[in-house]
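Shared between the two complexes below is subunit A, which pairs with subunit B and subunit C, respectively.
Entry: the complex of A and B
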């Protein structure tokens, strides 16, 4: 019976393998690049889904944590220390294996931090920032929380754009591949496309496993209690403040991991990754997938990110996400997979009642209690 | 020399401060009527400026500005009637997301209509180089126009809420919507009116500062954050305090440029927002305890 809970993740992995085989044998191997990127963005969205859907806390600054991870890793792995090669500190770092020597695009020697160390530092930095920011921010609710997280996102963005060492408006490029086990590396070379695809989807499956176990645990039930009624949850003995903070830090950490990997995969990162619009996109995907539905969020995120990255929305990309956001929130705030929406749709098809619009907000369940976060 | 520099920063700060104040007051008008923070508030400023620039190529400047304000008011009414009017007790999270969606759509529509270019209205009097000496600082006459227009707006809107029947009805509606509708007030229309007023104020502010700050399709988001900061600083719902907070924020931001790189200017005002949110969420001027709902 214990194995049954792993079935969805196993099914997901099987679907990922099928997709890969289909793409490669269908001669569309190039699609794997965008699928890989979608998988990383989906990792961010899943973390946000835990925060928004289960703990009921909105974050309009999640792109910032992605950017912290990506920028920190990019900066550390491209920061050439060979000029200080003679100093004792650098020698000690080399001896400890913390630095890796390589050649840049022009063949010049570069001595920079090893990607593994950079990755650890980047994620630790994101966790630290999330923790420090989360303590005061998560005391806020409603508009205040939304604006405060938006503000944090904007600060990180202006630091990225305004700091010369982070490449200002150009961002950081020339980020080396991230060597994993068995000679595989997270990087942009076409030869390693399939490996990278599996790394990304493996990471995503791990995230799913973590989250699906978490939401079914004592912690998950406590989070849902906070979402339902924070005061009541507190009265029942749930340490709401600490739990919200931990959820926030965890979801920020997932965003940072995605940021690190995607930055190494793309070989660079730019300030657009920290933009408000990115954060809003993540929120809109969580909204479409359904707050509190990991699998719904997973599916919509993979599809929407893939379509967006392939450029199907053209120059209307932002408008499409804005439109989706409004439509979902107006007509089905529980997401496209919400049972309520399907019931309403079925009722509308089976016996059309022109007088009654199938708007979710009018459903009796919404009645007097506001249906989600205050 | 030092005194002149201070005066110059002060004038620049007050110029930006007045527009922040007007956006903040726009937030307050809608918040008072509906309890909604309209994240699309900055887009009204952008729409006002952009429409006026387009109209000014065909019409004389005052008529173009009036037309732009009226058009933006119509957009405000349209937004309320399309997206907000028929929602039954929407939750805060839902309204945040919907108004963010609206702001994206308005911005993208503006991008489609006007492109990415930076536009500006001509100076109302004189030109870019004309200036008036004012206590050691050189002030462009346009600054006086902007400050004057914003001051007039603040006075007018305060008088409207205090002395006219319609204004009183709106206050009744914001105090207790159910009671207001039991007294026979058309609460839904009053809420639409709050969007219209708020849009109109934003649009006029967008027109008077357009020659100085210029207008671009994406300017709304930054202004919305600043305006919200101002509204929070003054205590949500308190319009006169928002005015003071707006001027204060503008000046703080302007002086921050002398210490930090310009790119961090936005970060400074947001740091102010965060500090206030954490330390005194009822606002520096507010005495109300209800700020954390």
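Entry: the complex of A and C
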């Protein structure tokens, strides 16, 4: 009973292992890079799926939280503090083990924040921003909320582009690898490709496990209740405002964690990560996967992000995601994995078209009436 | 001291006095009904008590403490539960899960406990599941626990809503037209259930059109007309009240 609960996540991990073996032994090990990136983006999308599909709130600014995480970690691990090496504060930081000395790509010494500390600060910053933004913004509903979160995304993007210290339009490069246990590190070296693949998919599986637990808990039921009938949820004692805010902060935190890891994996981050189109992309993937379906979102996100990162959509990448959003909204607002769409598709295939239907004259005798007449 | 005391409460929407200086009391352990023609202000009064509207004037006290101005979830936390005139079940959730949401106030597990599926959350979950099952059983729909709530028949949906309202172990339930859409047999069942809800120590305030239900089970009936209270007494006296007869049946002369 207890173990059955973890079966889907275990199956997911098994599928990830199979995919890795297939790619490496099929001589396509380079694909792991895009799969790794796609896993991190999927972490963002899962958080957004919780917010949109369960709490019923839309965010058109989720790329901003990803970017806050990525940029903050990149900045803290690349800003060289050696020039202030003599000051008391830097000495204290070194003594506390908060700073790490290393050499940059040209062999010059760099004294910057340790990636673990940078990561913690980056995620904390994203949580704080989400909380501050969420208090007023989540009082809005529907397209007002969409507009407000779009505004947040725009502000973060222009801060990223307009700040010299954040590399302006070039972004930040030379971000060091993120050391994990046993000498492994989140970084871009080809030798560590397999390790990084497993780090990304392990993190994704963890996120999935936590969210699928949450959805099936007291809070998860309350969130689904808010989505279904907010006024009735209030009458059950559900503090709708507080739960929405916490969900927003949680999903922003997940985006920030993904931002930190992907930035260290890529060795840098640029303003395109904060762009509105990224946010729209996340929203459209959640829509394709089906609001309120973590597994549907997981599957569609891994596939679509992988195809996008491999460049299958070419210069029309944004157009493809915009188009997907329109098609989904028109034909299947519950996503492509919704039972309703499948029923409709089956009916369309199985049922004879009107033109092919037998004419009224040669209707079958009452005895062999078709099933749906009875 | 009355459990619920509404004193001089008014609510205006634009130029319309939906509720105008209405006062009434509900004693603990009583079944009290609010009746009146359509548009008399009954549902508005419910929404004022449960925090969906806040009154323009007047005072609402529950168990001696002021209630007006509190948002719905705080009103619920004070021990007042409700059902809705137009059934408001949570779609995409089973009947059992709907009732489990009603247990929200009795639980403590937050985001972290839920995500980590910790032991205390598991215990709470098991207890809530059991209690929700009991309530569905009490409403006679235990067999439908796993069905999607919004796919049930009208009468069954009403039953789920009532079970959900009771799930928080409230001191008082407000039932907004619980017999609407029910057939005679279902209405008779409902009357028995409302009586046994009271026997469990829950005070009941209901808004209803169905006179047979109201007169059969209520201890007191307050009559509203055009936002004002015109009568408030035991069912027998209310039925004889000339003003009430006039409001309900019209003047005999015309």
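As a working rule, the second predicted complex is superposed on the first by the 351 of 374 C-alpha atoms of A that agree within 3 Å, B and C clash if a C-alpha of one lies under 4 Å from a C-alpha of the other, contacts with A are read in each partner's own complex, and residues count from 1 in each chain.
As a working rule, a contact is a pair of C-beta atoms (placed from the backbone, for glycine too) under 8 Å apart; a residue touches a chain by one contact, two chains touch by 3 or more.
Just so you know, these numbers come straight off a predicted model, no measurement behind them.
S.K.: What's your read, subunit B or subunit C touching more residues of subunit A?
M.R.: B
S.K.: Which partner chains sit in contact with A:121 here, subunit B, subunit C, both or neither? Use first/second/both/neither.
M.R.: It touches nothing on subunit B or subunit C.
S.K.: Answer with first, second, both or neither: which of subunit B and subunit C does A:348 touch in the superposed model?
M.R.: neither
S.K.: If we overlay the two complexes on their shared chain A, which of subunit B and subunit C does A:158 touch? Say first, second, both or neither.
M.R.: first
S.K.: Contacts for A:141 in the overlay, against subunit B (first) and subunit C (second): which applies, first, second, both or neither?
M.R.: Only subunit B is touched by A:141; subunit C is not.
S.K.: Just subunit B (first), just subunit C (second), both, or neither: which does A:325 touch?
M.R.: In the superposition, A:325 contacts subunit B only.
S.K.: Please work out whether A:58 is in contact with subunit B alone, subunit C alone, both, or neither, and reply first, second, both or neither.
M.R.: The answer is first: A:58 touches subunit B but not subunit C.
S.K.: Could you look at A:19 and tell me whether it touches subunit B, subunit C, both or neither (first, second, both, neither)?
M.R.: Neither: A:19 stays clear of subunit B and subunit C.
S.K.: Go through subunit A and flag every residue that touches subunit B in one model and subunit C in the other.
M.R.: Common interface on subunit A, subunit B vs subunit C: nothing in common.
S.K.: Show me the residue ranges of subunit A that touch subunit B in the complex, using the header's touch definition.
M.R.: Residues 56, 58, 60, 136-137, 139-144, 146-148, 150-152, 154-155, 158-159, 161-163, 168, 276-277, 280, 283-284, 287, 316, 318-319, 321-326, 329-330, 333, 359, 361-362, 366, 368, 370-374.
S.K.: Which bits of subunit A are touching subunit C when the two form their complex?
M.R.: 5, 210-211, 213-214, 217-222, 224-225, 228-229, 231-240, 246, 250, 292
S.K.: For subunit C, which residues count as touching subunit A in their complex?
M.R.: Residues 50-52, 71-73, 76-77, 81-82, 84, 88-93, 97, 100-105, 107, 109-111, 113-117, 121, 124-125, 128, 164-165, 167-168 of subunit C touch subunit A in their complex.
S.K.: Within their complex, state which residues of subunit B touch subunit A.
M.R.: Checking each residue of subunit B against subunit A gives 37, 83, 86-94, 96-98, 100-105, 107-109, 221, 225, 228, 232, 261-267, 270-271, 273-274, 277-278, 281, 291-293.
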